[in-house]
Amino acid sequence: MSVKIADVIIIGSGIVGSSAAYYCRKKGLSVIVLEAEIIGHGGSSRNGGGVRQSGRDARELPLAMYAVKHIWPNLKEELGVDPEYMQKGYLVCGYNEEHKRGIENRIKVAAAAGIEMTLLQGKDIQEVNPYVSEHVTCAGWTPSDGSANPLTATLGFYKRARELGAQYYTHEVVVKLQIVRGSVKRVLTEKGNVYEGSQIIVAAGYEGRNIIKTVGLDVPVYPRLVDVIITEAAAPMFDHMIGGMSGFYGHQTNHGSFVFGNSTGREQTLGCYADKLYSTAYNPAFICNTVGVDIPALKPLKIIRTWSGWIDMCTDGVPVIGEVKDLPGVILDIGSTGHGFCPGPAVGQTLAEIANGEETSVDISKLAYERFDYATKSKKYYA
Amino acid sequence: MRKLDDRNIDLGEIIPELDDHIIICRCEEITKGEIREAVHMGMFTMTEVKRLLRPGMGLCQGQTCSRYVRNIIAKELGVSPLEIEDNVARPPMRPIELQVFGNEVESE
Amino acid sequence: MRIESHPIIDDFKKGKKVAFTYNGKELEGYEDEPIAATLKAAGIEIHRYTRKNHEPRGIYCAIGRCTDCVMVVDGVPNIRTCMTPLKGGMVIETQYGLGAKGAES
Amino acid sequence: MKRYHVIVIGAGPAGLSAAIEAASHGMTVGLFDENARPGGQLFKQIHKFFGSKEHKAKIRGFRIGEELLAEAEKLGVEVHLNSTVMGIYFPMNKITVSNGESTTSYSGNNIILAAGASENAIPFDGWTLPGVMGAGAAQTLMNLHGVQPGKRILMVGSGNVGLVVGFQLIQSGCQLEAIIDAAPKIGGYGVHAAKVARTGVPFLLSHTIVRAEGTESVTGAVIAQVDEYFQPIPGTERHLDVDTILIATGLTPMSKLAEMTGCDMKEMGGKVPVVDQYGMTSIEGLYAAGDVSGIEEASSAMIGGRIAALAAAAKDGYIEQNEFEKSYSDYQSSLEKLRKGMFAKENRGKTLAVTDEGLPISTNLLKHGFLDEEEITSYPGMTSRQGIHPVIECTQNIPCNPCQDACKFGCIQVGADITRLPIADVKSECKNCGMCVAACPGQAIFLVEEDCGDHMAAVTLPYEFRPLPEVGEKGYGLSRRGEEICPATVLNVRLNPVFDHTAILTIQVPKEMAMRARFYRGSRKD
């Protein structure tokens, strides 16, 4: 059977896979993207759309900040599709002392990276958002955070990469990687097709773990199901991203509908496997109540859709991004742990830079694969 | 390989048709022409067209327009509508207020 | 127009007559019949104007599925009038985009 | 969480029948429907049903609905109205139901999905204007709520829905301007078309709607002839002065709830759950019955509901295997009877030239909605002889035999196979009781006395319009095409309760009109 060859084979067509394809094409690298389902089937189309630097682990903050500073603002012109990026701030609401301490800790991490985030209490909260109820006693406010539309952002990168000549194949389920003379060169799919590239980028979310296992690699990720509710369109109320220390997150989209996600944690007991993305019966009611308490004005709003998605949770809270030191040819992005959308385009650009043999614009040393080699060594990366 | 899985087929330029202006998705006011254009941008399934342009994301959740969106995509790609992957059905079946969805009452 | 005497159906089992307001005008209808039927009987065709093209919309499926017949009822927008029983004193307004006149975005 | 032995979703013909069948075997049943009144399409169907006695033939749809509802409540079925099933969640067999105030969850050992179907449309220029609606929507307004959908109406689509709703528009006092269909022939039963054609409504086949006129609501329609690819032929456009456009171009199963469970689906006029012969989907305990599992009509939906509930009862041990097999084969044979004849699924799309009896199928009926006068002598129901006798203008094989049961004097035979054309038995003597005229669901039976002296004849016909003409009134006899072809005098008007609102009208017409006049119109007052 014929072998399709390209400089870079990318597994996964989400925000990272498709932005990597886009940046590779701009660097003149030929690209083939293999997608197991349809474009952006995974987490990239199943998240709350937060473009958020606050509340992040320091190790992945550089990627998020780079994306907010250099990529998100000019994507609309670059892609010819509006990702609906809005830098209108992020308000995280708490209602007890523990939440307040949590917010203060986030402010410290943000300040260390030069991001302005302030603690709001009492009436100051309603100053930022009059719809937030008195139940919220403390809040963190980060003006430079914001939101975007994950659907049009992901499909925008796909559309532009395709226009620039990236080859896309859907329903191509990768089952095996192959090492040729010491480096990962080949990709085999369920249908028996073979693809060959000098660099293989694995950006397939949780499924990536099964793929890299075939060449003796592993990253400690586990799947976590989260549900989201979508409301009818309503007249504009507030345009900043909002979240709760009780776990809910979301925003009002350009279209006027609200997106809110949360999870009771019970989903893991369902025994559903990754491809059975059924909405659970528990979560929607839980999300409604957590959101309803903090933003009572949303209570009469009608919900028109619920969906769910799997998060690839990494045990230490941040993804593995980059090459594997002693196994050339494979470049990883796995374990975004539910906050991969904002840094996504920056990750894509970084993977493209690596594929092109360039110095990466963003320091990703803290997210190296090797951090899991030795338990004792990983402590250093934790510091 | 299934024709629709090769996203690199060249669909050529869009030739305007007389009824491109007709509204197909009544809730989100999406026209036939806009749907055809999305196909030419590489959106080969209902879900991709929906996520890019919103037909089927309105109040009725595609129960009125899905059939026609599917036919338009199929015609643009030169395949039978049966080959076009449909949208996925999700609860709730009808619009339901947040306070009602959250107001769980025991069934006696 | 209401059907005065139907050849097959002797009694449409109507509730008691109730008054309600439609865009400020006082009208009458039968309690618990769908609002859409009351308005159609009163010769009112237009339920709303759409958000993007400001086009008029009215009854289309009458079984609660297509959501074209939505109006602002007692201040709440996007109410499916073909599935919502009429009650005395209801305030029914034509919907403009996402809300009542003046409130539209 | 309350657990029922059987949860039924949708209280239409299939759902009500399933609930009754399950309860009759001692199972606890929760029946859920999002409407304020149950019955689904049954309560909008005011025409008399086809089929045979076991299918409740000659009974009006909404009366069947009332019967089923009473039977369900008598058997202890818990009917939850205004209760919208928001979602089905497997593997816990759980449904969440909203009554507009709160949501409650129920679970069921078995879930029978009977959500029915909704209407298709054909997007055309102006189809979003107020005044353009589904034919079923108009039927709901007229028959459920007693409100006319409009004044001057165009019907797009000549399947049974277009024909039946078209007739009901006239009954509601609306002016039906025309029935058009892009297909070259009428899609529904010939008898349904004939009842509309004889009132003067034109059928325009191979025509489609080009656009709806008007800015605030419909003020007119433009139709045009189509070529064999159903594309409008330039230059054949025609304006119709209408204020309402009804669309009757088929139905699509409302199978979203089934899809949600992840059971196997397939394509059959829209996505439907794959079911075995008992209606069970690929998920044990989840059944689908009625239009949601494939478009047919209410009669077969009722049997489908029974079969699904029967299978659930057998699965959970409420009936023995032999009793189950016996009941199943009875229901299956009853269903098979309905799935025969010219409009059966296996004949869909075929152009049949002759009836089962080898008689030519009237092309005029298919093209214009009425029998051509030369054709009428070639059918067994349409004989000519002395004295009053039934003339049965039923010329297509459809599964239906109430006329045979209605005549106590043996004047009409259909025989064991209910899809055979009814035969007027020349030996038996008609007593002019009018029972057959009232019983015929297609209103296709007339009693004709071809010569009652001084060059006059008497034609007795079914009349379901109001106001009723008075005896002695002078008016016009209308041909099968609805043209005034002769003067007519009303001899008799009978409205006996046993006729169930079908008045039996006898008019006197000139002798030569005995086999041509088939309708009556009073002299116009305007």
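Lettered A, B, C and D in written order, each chain numbered from 1.
Methods note: contacts are C-beta pairs under 8 Å (C-beta built on N, C-alpha and C of every residue); 3 or more make two chains touch, one makes a residue touch a chain.
Model, not experiment: these values are computed from the prediction.
In terms of the stated touch criterion, the partners common to subunit A and subunit D are B, C, listed by label. Taking the mean of each chain's C-alpha atoms, the chain closest to the overall C-alpha centroid is B.
Interface comparison, A-C against B-D: more C-beta pairs in contact at B-D. If you average the Cα atoms of subunit A and of subunit C, the two centres end up 44 Å apart.
Inter-chain centre distance (subunit B to subunit D, centres taken as mean C-alpha positions): 32 Å. One finds 25 Å separating the Cα centroids of subunit A and subunit B.
Here the CA centre of subunit C is 28 Å from the CA centre of subunit D. In subunit D, the residues that touch at least two other chains are 34, 87, 96, 103, 105, 118, 128, 254, 260. Subunit B has residues 23, 26, 58-59, 63-64, 88, 90-92, 94-96, 101, 104 in contact with two or more other chains.
Within subunit C, contacts with two or more other chains are made by residues 51, 55, 57, 60-61, 64-65, 68, 78. Across the complex, subunit B meets subunit C through its residues 23, 26-29, 58-60, 63-64, 94-95. By the touch rule above, subunit A contacts subunit B in their complex via residues 38-40, 45, 81, 151-152, 155, 158-159, 162, 167-172, 191, 193, 229, 231-232, 255, 277, 279, 284-285, 287-289, 291-292, 298-307. On the side of subunit A, the complex with subunit D involves touching residues 276, 278-281, 285, 306.
Across the interface of their complex, subunit D is touched by residues 19, 21-24, 26, 32, 63-64, 67-68, 82, 86, 88-94, 96, 100-101, 103-108 of subunit B.
If you check the complex, the residues on subunit C that touch subunit B are 50-53, 55, 57, 60-61, 64-68, 70, 78, 80.
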